[in-house]
Structures are given as C-alpha cells and as structure tokens.
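We call the chains A, B, C and D, going by the order they appear; numbering starts again at 1 in every chain.
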Amino acid sequence: MSVKTLLAAAGLVALAAGAQAQVKVGMITTLSGGGASLGIDTRDGFMLAIGMAGRDDIDVIVEDDQQKPDIAVQISDKMIQSDKVDVLTGIVWSNLAMAVVPSATAQGLFYLSTNAAPAQLAGAGCNPNHFSVSYQNDNLHEAAGAYTKSAGYTKPFILAPNYPAGHDSLTGFKRFYDGELAGEIYTELGQTDYAAEIAQIRASGADSVFFFLPGGMGISFLKQYAESGVELPLVGPAFSFDQNILQAVGDAAVGVKNTSTWSKDLDNDANAAFVSAYEEKYGRLPSIYAAQGYDTANLLLSAMDKADISDPDAFRTALEDADFDSVRGDFTFASNHHPIQDIYVREVIKEGDIYTNKITDTAMEDRDNAYVGECSM
Amino acid sequence: MTDDVLVTHDITKSFGALRANDGVSIDLKRGEVHAIIGPNGAGKSTLIAQICGGLAPDSGTVHFLDHDVTAETVRARARMGLARTFQISALAMEDTVLQNALLGALGAAGRSWRMMRNVLKDTYLCGEALAALERVGLADQAAARTAELSHGQRRQLEVAVALTLQPRAFVMDEPMAGLGSEGSKQLTALLDELRWQAPILLVEHDMDAVFALADRISVLVYGRIIATGTVDEIRADPVVREAYLGEEA
Amino acid sequence: MTAILIAEQVLNGLQFGVMLFLMAAGLTLIFGVMGLINLAHGSLYMVGAFAAATIAGATGSFLLALAAALISAALAGALVELVVIRRLYDRDHLDQVLATFALILIFSEGTRWLFGSFPLYLDIPAWLSGPVMLPGGIQYPLYRLALIVLGLLIALGLWLLISHTRIGVQIRAGENDREMIGALGVNISRLYTLVFALGAGLAGLAGALVGAIQSVQVGMGEPVLILAFVVIVIGGIGSIKGALIGALLVGLADTLGGIFLPELLKLFTDPAKATATGSAFASMAIYILMAVVLVWRPTGLFGARV
Amino acid sequence: MSREALVNSAALLLLVAVPVWALWADEPFTITLATRAVIFALAAAGLNIALGWGGMVSLGHAVYFGLGGYAMGVLAFHAQNYTPLMDWPFTITGTKSMPVIWLVAMISSAVAALVIGLLALRTSGVYFIMITLAFGQMVFFFAISWPTYGGEDGLSIYVRNSFPGLNTLVPIEFYGLCLSVLCVILFLNARLIRSPFGLALNAARQVPHRVETVGMNPTRLKLSALVISGAVTGLAGALFADLNRFVSPTMLSWQMSGEIMVFVIIGGVGRLFGPVVGACLFVLLEHFLGGVSEYWQVFLGLVLLGIVLFGHGGVVGMIAGRGRTHD
C-alpha cells in the first residue's frame, strides 16, 4: 500500500463511518510512569465533556503511551491501521507529538492537540489537519516575559532545562522581555538538585527569577529555593504550578506568580460548569491539562454538529470555526491552527488545606503565536 | 645452540615484605624432566608465573630457546612453544573435548581471526587436535562434553591442549593433582614419553611420580633453591633432608 | 565569580557527595560481602522517601519520618533478600542483573499502584529550615548543612561498625574469603540478610533526607543508582573509604563542572550557546572522570588490585 | 533434528506465517507488531554475541541501538531538508537509501563499541556492567542536551526510507525486509560461532587464562565480539527508527538497555534463536498485559523474576534442555 492507497482506504472507512455518523477518536496519552498524572487529567477532562454531552455518536479509544515515543508511534499505527480512527488526540509531551503527529496528519487524519504544541508544528511543519487546542509552546513563556517587563523588573535571572522545550522557553521569554538579564542557565533535564543554580542566582544581583522546570524538577527547585534564603520574586509558566504538583510543593510555592491560559477561578459560565462537574465526578480539583482536554472534546463535538467527518474539508472548516464555549473565555484559531487567547497571571494561594491559584492580572490579550508567518497553509 | 631450552637467571620477586622468589636460577635441558619440589608457600606458583609470563620478576631474566623473554607476554611465550598446564584444569567445560584441543591448535596456527569458516571443517586444525587427543588416549572421547569427563580424563585433556601447541618446552603445574594411584601411573607413563618431544619442567607434590620421572630435581624452600641434583643426590642431600624431607627420611 | 560563590558551590558539591555516599556505601557493601550487583537499590531509596512522606503526613514529625524510612527500607530490603536475592548469590551476574531489573519494575509500578502517580509531599521541619550565616559571609541552607554533618557522621559510624565490632569482623572476613566465615561458625545467611538490610536502610534514609528537598516520586531512585555506580567504579568495589572519596569526587565534579564549564565556554562563544553547550558537556563531566580513573587504575582508587 | 533445532524452525515458521495470516485477515497492525518483534530480535541477537558467547554483560547496548537510530535520523533529516550534513572539508549530503544508512549505522555503532570496549574491558565482571551502564547514561544525557538534532524531542522523518526494489511504506514489504535482515544476521551469527573465532571467543569467556596460554589475546577477542555485537544492534536501531519514522534519546535510555538484555535472557543466553523467541514473547506480553492493566509492568516484573529464579536457560533452554551445544 502506498500513501495514496492508504489515504483512499482511510477515505473509504470515513465514508462508511459517516453513514452511521460515528466518529472514532484515538486518545494516546501518558497513563503510567512518572508523567502519568498529566495524561490522567487530560483523559478525565476529555471524557467528562463527552459524558456531559451525553452523545453516543462518538467512540473514544484510550491507550497509554508510557511517555515513550516509540510506544506512542506503535499505538498510533494500531489506531490508524486496526481501529481505523478518524481523529487522534491526547499527547502530553512535545517529543511524543513530534513522533506521531507529522505522519498521522500526512495520512489524512485529524490531530487535535490537548497540550503539546512544538514550534515545528506551528511554523514550517504546520498541517491543515493539525489543530492545537491548548496553546503554542512558547505562549506561556512569552507571557512571563511580558509580565516581567510590565511589572517593572529590570534584571531577571532565567533558567530552564537543557532540551528543546527549555531553549524555546527562554527564547519565548526574551521575545517579550528585551531588557538586561542577570543570568541565563540551562540545567540538566531531570536534575533534582538546584543548590548550585540557586547560589548563582544569589550571587548574580538579580531582581527576579524566571524559571521553566516542569514536573518533579519544579518541585525540587521550589522547595530548595524556599530554603535558600533567597527572597527574589519568582515567575514561571503554569506547568510547575499545576493543581497536582502544588500539593507536593506546599508552602514553598505560595505567592509565586505564574502565567496560564486557564485558571479554575476564571469567571465564565463554561468554566464554572466544568470545575464543579469535574470536582463532583473525580473528587479533585481540575488541572490545566484537564481543562485543555475538556475544551478539545467540546471543540470536536462542535465540529461534529456542523459537518460530517466523511467530508474532511467541511469538517476542517467546522473545526476552524471553533464554535464552542471554551473554559478559557474567548477562543479563536490563528491561521496556523493554534489558539488566539488571553494569557493570565496567577498567584499561588492556600485555600483551606489546598494549594491552588487565583488570577491576578492579564499578561497578554488575544495572543496568537510567533510562527504564524512561517506556516504556509 | 646450547642444550638449555629454558633458563632462569637469579630471579627475585617480592610481594611487600615477603620474598616469594630469592635468586632462583634453574635450567631445563633437551629431553629431560626437571622437577621442582618444595613445601606449600615455597614460591613454586610465583616461579611458574614468571617463567610463563604472568608476573614480571623484580630482577633476573628468563631465557627461552636462547632468547631473553623476560619482557614478553604470556601469549608471545606460548607462541614460541612454551606450553603450560594448570594445577586446576582450565578447560572450557561447556565445549566438547575436541573443541578444547582445537583451541590450542588454532592458537598455535594463528587462525583465531577466521570468522566465517567452520572450524570443524579445517582439516589441518582438526588433524592436529585429534593427533594430540590420540596421544593422550582421549581420541574416543573427542565428541564428549568436557564437563562429562572424569577428573583423570580432564588432566589428560589438559596435557593434550598443551601438546597441540607444538611445544618446545612444557611447564606443568601439578599435573597429578587429585589423581588416584592408577591415574597417576597412567599420566606418569604419558609424561615419560612426552619428554622426547619437549623437555618438561614439572612442579609436583606426588613424590612417586617425581622420583619415577625426574632426571633432575630442584628443591625450593622459602623462595630459594636449596639444592639441585639427580634423584639420588637429592635423596642423599643432608640439607634437603633437614629442610624438607626431614621427617620422611 | 566571587570566593563566596565558589565556597558555596563546594559546600553544595559536598552535600551532594555525602548523599551519594549513603547510596554507594550500601551497594558496595552488598557487592563486597555477597558478590551481588543490585540494580534495585534505587527502588529502596524510593521506598524510604515514600515511607517518610507517608509518616510525615500522618504524624507531622520529621524524625519519625526518618525512622520510618530507615526501618521500612531495611525491612523491604530484608524481605527482598529472603524471598529473591538469596537465590541469586551463586548465580552469575547476568541473572542478578535480570532479577533485580525485574524488582525495579515491580517496585516502581507497585508503588504507583499504591500511591498513585502524583508526587508526594515531604518537607523539612521548621527547626531545620531557613538559611544560616557561615563564617566568611556565606549564607547557606541549614538543612543542607545538617545533611553534610549527618552524612559524615554516618560514614564515621560505618567505619566504626566495620573496624570495631563483631559484625564488622564478619563483614571483613566475608569480603576476603566467603568459605572462611562459614568455617568460623558465622551464620552466613543471617549475616547476608543483615548486610542487605543495612545497605537498604542507608538507601532508604538517603531517599527520605533528599526527598525533603526534592520531589518524592516514582522513578526517583534510578538516576541516583547510576551515579552511585559511577562512584563505586571510581572508588573501587567493596571499599567504604573508596565509596566516600568517590562520592565526594563525583559530587564536586558534577556541581563545579556545571558552574564552570559554561563560564569557561563564554570566553570563546556567545553566552546563550555557551550555556547550552557548556551544560551538555558538564553533564558528561563525571563520566569522563570515571573514564580517567579507569585508564589510570582499572579497579578504582581503593579497589583490590589484581 | 535436535530439540533446539525444532524450536528454531517453529519460531521461524511463525515469523513467516503470522504476518501472512495478518495480511490475509487485513490486520495490518499485527504486521507492525511483528516487525517490532523482529527488529528487537535483531537488536538482541547483537547483544547475544557479546553476552552469550563473549560473556560480557553489557548494560549499555542502548548506545548502539540509539546510534543506529540516529544514523538513520540524521541522514534522512538532511535528505528531507535538502541540507548538507557537512560542508567542510568536503560536502556530505543526507540520504534516504536504507543500504547506505545501514552501513553508516553499523560503522558508527562499531566505533562506539570499540571506544567503550577499550575502556570497559580494562575491567571485568560487575565493573563491566556498571561502566557500560554509566557510559550509556553519558551518551543519553549528551543526546538530550545537544540541540542540533532535536535533543530530547528527537527527529521525525516523514516518509520511510527506501530500499531498491521495495515499497517500504507497505507494512508487509518492510516486514519482509526486516525479517530477511534478521535471517541473514542469524545465519552469519551461526557461522561465526562455529568458526575458529567463535571457538576462541567461547573459550575466552569460560577460561580466559587458558586462551592466553595458547597464544591468543582474550581481551582482543572479546573486544572484537563487542564491536560486531554493537554493529548488529546498531543495524537494528536504524531499522527501528525507520519502523517508527522517528528517533529520540529514549532509544538511548538505560531502560532500553535493560529491555534488550531482557529479550536475550528470557529467550535464552547463547542460543542462536534465544533473542528471537525472547523478543517475540516480550512484544506479546507488552501487548496483552498492557491491555489488561495500567500496571502491567508489575506482572512483567513477576514473569521475569519467575524466569530467572526457576527457568534457567530461558525459554529455549527450558524447551530444548540445558546443555548448550555449539556444533
């Protein structure tokens, strides 16, 4: 089978499915290993929206990618070849997305990103069938840069892990913060001890610190920072202040400013409905991953109302309309199929026994992304 | 060319404060069996290791076939024809008897880098290996797994591997170790023939074998050679009697 | 770069080193006495951290949490030794590697099964939190200082245990000659269980101590395990002294390499590129240290010479 | 025919029959799974040369697997972007041709094996294990932080590379290619272990001092075996990257090294078809246990433990009997 016949086969399947108006969604996400909490939230948010819509014209197959790119590719092959899905979604990590998305969209499938949105897929490697419902990876870092500038800091110290997302992070920050830097460091990916970096921060004469350290790295950094006696204000993207992580950081995080496209106290009806339904169903507060999963499902459902998946062009147009009530408020797609949305500044607070975030400011309004011009679509 | 095949000159080796070998000079001549005897801890293993190349002496030299081999590796000495056997059989137990014998043959022939040809179809190597097995009386066991051999047969195979090297001298470290009197007799008879192929430097505790085989005996005590001579001379030597054979005399 | 900064980084290197020592000491003892390579040592580190987080959460006492870490890791170690490990002593290293690899899978996924995928919370107690001012104007976290002191005390304790007690005599005998201790009438299997539990307890304690300033999560042990291997290769198998020196060397090389390499490269290339490339090479620093030691002294600084 | 030969023939027969059935039943994913198993088998066959016959417990074979993958990734990346690999002192361009990629993969893995082997073979036993593991980690960290070829994101190749006369995008054709490579390598492997070199290597594992005293260098024999082993695993890495159309540092991780070793051990160390049986079983376990529980690795761990403690000699060993024969 060549690509062409594969496409034809996919088309035939789509036709057959269209007759029953059944949409098959394959969700590849991380359900085991160290990063499982993100995938579990993504899945729960997504399934919550499907459940709340009460529809039976959509089948969702969920599989665990173990946070391994080769497993993700294997699952996507299986979903495309044997389950004959129409839409793929759910990948948390950029490196897994890079492994799966280009070849899936090349085979004519739709890919709706619930989280990962690397620069390659927004710029030269953009594809009409790829939609990021979350953000573009640089967005939160850009917002942190913009916030740092507008808050009047003049000498931030910036650090991120030494891997592509880390490089994108500091580049994104500097795109909107053009002043002097007290220092710029790349740490090792998966590093757990930041004593050396904190000492450098202390010695640098900085007036604030921007850091991007997702997952366990952020937890370690925050705890150690709190112990160090360095009392400079911290700014970071939402990843290190996710609802799940905050409980493990504890008091060390309180007061930290972070940039996010979503917060549980965001004042709109869709969000209020989402937060209360999520808490009721799963017994815990939703995270940004859950919110993005929820929005992705609602976007898909809105497109299904407008067009039949068997007509890819019409379906694509329906997706582009983004005619759904986002928990993030106003939401439209830029021409490279990445969101245009407001990005907020949140502060970590303690509500009773629970650590969570509240919105304090808007860092950027209607932000699209830096790669719109590079995408020829 | 002199009659001396293997000679050590004044070898000294210390481990910390312990002098394991102290000015040891011995020689092995064409056609002879030269036995080295001595109590445990006298430095026999150290001496063998220096002769065969595992240990470098602190001072003194080792000559083999009129070459100074003191600085040569175990491998180089082996390739010159210095064949040793081990006190504890060093055989590939998972392999067949023939494969063990082949190992020596292919080492001697320098064919270990051939990667694609079946070794069992190499008529030259197999010929050498089978001849050696024939010589020690193991030809009928060629296809058996080495692990299934009796202890005595393993001692024989140990000698066969040495034979496949086309040796110019043997260094045998207690070949009789663990053998019963019958096995010991058989192996003694075999070694008695082998001396005409290449002289044997024999380190052995089994005195019956030593007295039956040795043309000369050197007695090593506390790292020094205290006497060298024929069987009768050694038997009669008062120093030896006192230091070593004391209670037996 | 000021003298204060360098002094502080040296302290950081020391602190990292003593924590590595707690891991490496157990591994090297277990290898020295039983001849066993234990890949699951990192799992015991994780067990310690999880036990501490659980007990700290329930009681609020950090000391109880540390005790729980020590005890539960030692118990887990003893259990693993009784059920699995003792069948592996007379097997080759290959079987040991596979069996302990299987134990990693069981421990990691089992822990996730019990505790979920979210990182747990474990914080340092109030009486150890905050910075202190050291002579010379160095501001340094009290907790990290306590880690250095505690680590060195444990090293001293181990040394006393091995050189001055009956158990120590047996351990040393076991390292030199395994048949010998049987002949001396020592209960070998009890000794082995004890040594394994001791090593496991040290790993668990390290996990809890480090967990308080890092994140307590599944998979936290394996990166430390691999660093502990590097320590042992450098220090020499079976040598507690080697483990200590090796751990301090690795701790210092890693910390100082991470600081100075990017600074060094900044002299030659633009800062952004220098930090990226510099930290790429800094992450290799300890392995290069290991390679140098291997070339110079294949059995490690204090390993038995062949 | 010996029992081991029967097992081998059965394994080979299944490797042909299952995909043919899948083709007939229109189950293309089964073919993809089988391809994965065959490529893992090849990687493990590489390790088996070092481990089974050379006795080197290398816990760093992911280095060669990953390097092979990156050989494919880097060459195809430059070919798909029409940028040269290097301009100076002479121009090297990328390529999408599998034979060229394979050659580069094998050579680069072999060189890596030579360098690591020169250092690691200064020691033996448990040192060797720890050193190979540590060097693997070093390469892994380097790959993650080196930005040129995607760092931790890896490299995505949009279209599978080409092989003369085949359409590699068709699952069954790519499978056939991989199976053929595996068969050729196993054939060469069988010749190798029967050759004088194989005999000497086998002895170097069991009695290195004996090998020395018959005039051969056991370390050099082992080093050569490690280089061959690395090259084969590197070839598997190139194929694996092509199967996924993707390469990333995950292929270099210590877990990957562990898994490759698991394939060999559950199949049977030092058995020609041990890696094949082991890799197929692993892929099956992964597929079916993964469907049963999120925590399937606990059960995988228990199965592995059971095999080590009670099933000495791996699956092939359990079926074919304990003794290994080499003729």
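In the analysis below, a contact is a pair of C-beta atoms (placed from the backbone, for glycine too) under 8 Å apart; a residue touches a chain by one contact, two chains touch by 3 or more.
Only a predicted model underlies this, so the values are computations on that prediction, with no experimental measurement involved.
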{"item": "Between subunit B and subunit D, the fewest steps along chains that touch one another", "value": "1"}
{"item": "Farthest-lying chain, centroid of Cα atoms versus that of subunit D", "value": "B"}
{"item": "Between subunit C and subunit D, centroid-to-centroid distance (C-alpha), Å", "value": "31"}
{"item": "Distance from subunit D to subunit A - Cα centre to Cα centre, in angstrom", "value": "35"}
{"item": "Subunit A and subunit B: spacing of chain centres that average the CA atoms, whole Å", "value": "74"}
{"item": "Subunit C: positions in contact with at least two other chains", "value": "109, 112, 276, 279-280, 283"}
{"item": "Multi-chain contact residues (two or more partners), subunit D", "value": "141, 145, 147, 295, 297"}
{"item": "Touching two or more other chains - residues of subunit B", "value": "none"}
{"item": "Category of the chain touch graph - line, ring, star, complete, other", "value": "other"}
{"item": "Chains touching one another, given as label pairs in label order", "value": "A-C, A-D, B-D, C-D"}
{"item": "Subunit A residues within the subunit C interface of the complex", "value": "32-37, 40, 162, 167, 170, 184-188, 190, 192-193, 195-196, 199-200, 202-203, 215-217, 219-220, 223-224, 226-229, 244-245, 247-252"}
{"item": "Touch list for subunit D against partner subunit A, complex", "value": "27-30, 32-33, 36, 141, 144-145, 147, 150-154, 156, 158-159, 167, 169-171, 240, 243-246, 248, 250-251, 290, 294-295, 297"}
{"item": "Subunit B-facing residues of subunit D, complex", "value": "188, 191-192, 194-200, 202-203, 206-207, 209-217, 221, 224, 323-324, 326-327"}
{"item": "Residues of subunit D that touch subunit C when the two form their complex", "value": "51, 57, 59, 119-120, 122-123, 125-127, 129-131, 133-135, 137-138, 141-142, 145-147, 254, 258, 261-262, 265, 269, 295-298, 300-302, 304-305, 307-309, 312"}
{"item": "Complex contact set, residues of subunit C against subunit A", "value": "1-2, 4-5, 8-9, 12, 15-16, 109, 112, 116-121, 123-124, 129-131, 139, 141-144, 210, 212-220, 223, 255, 258-259, 262, 271-272, 275-276, 279-280, 282-283"}
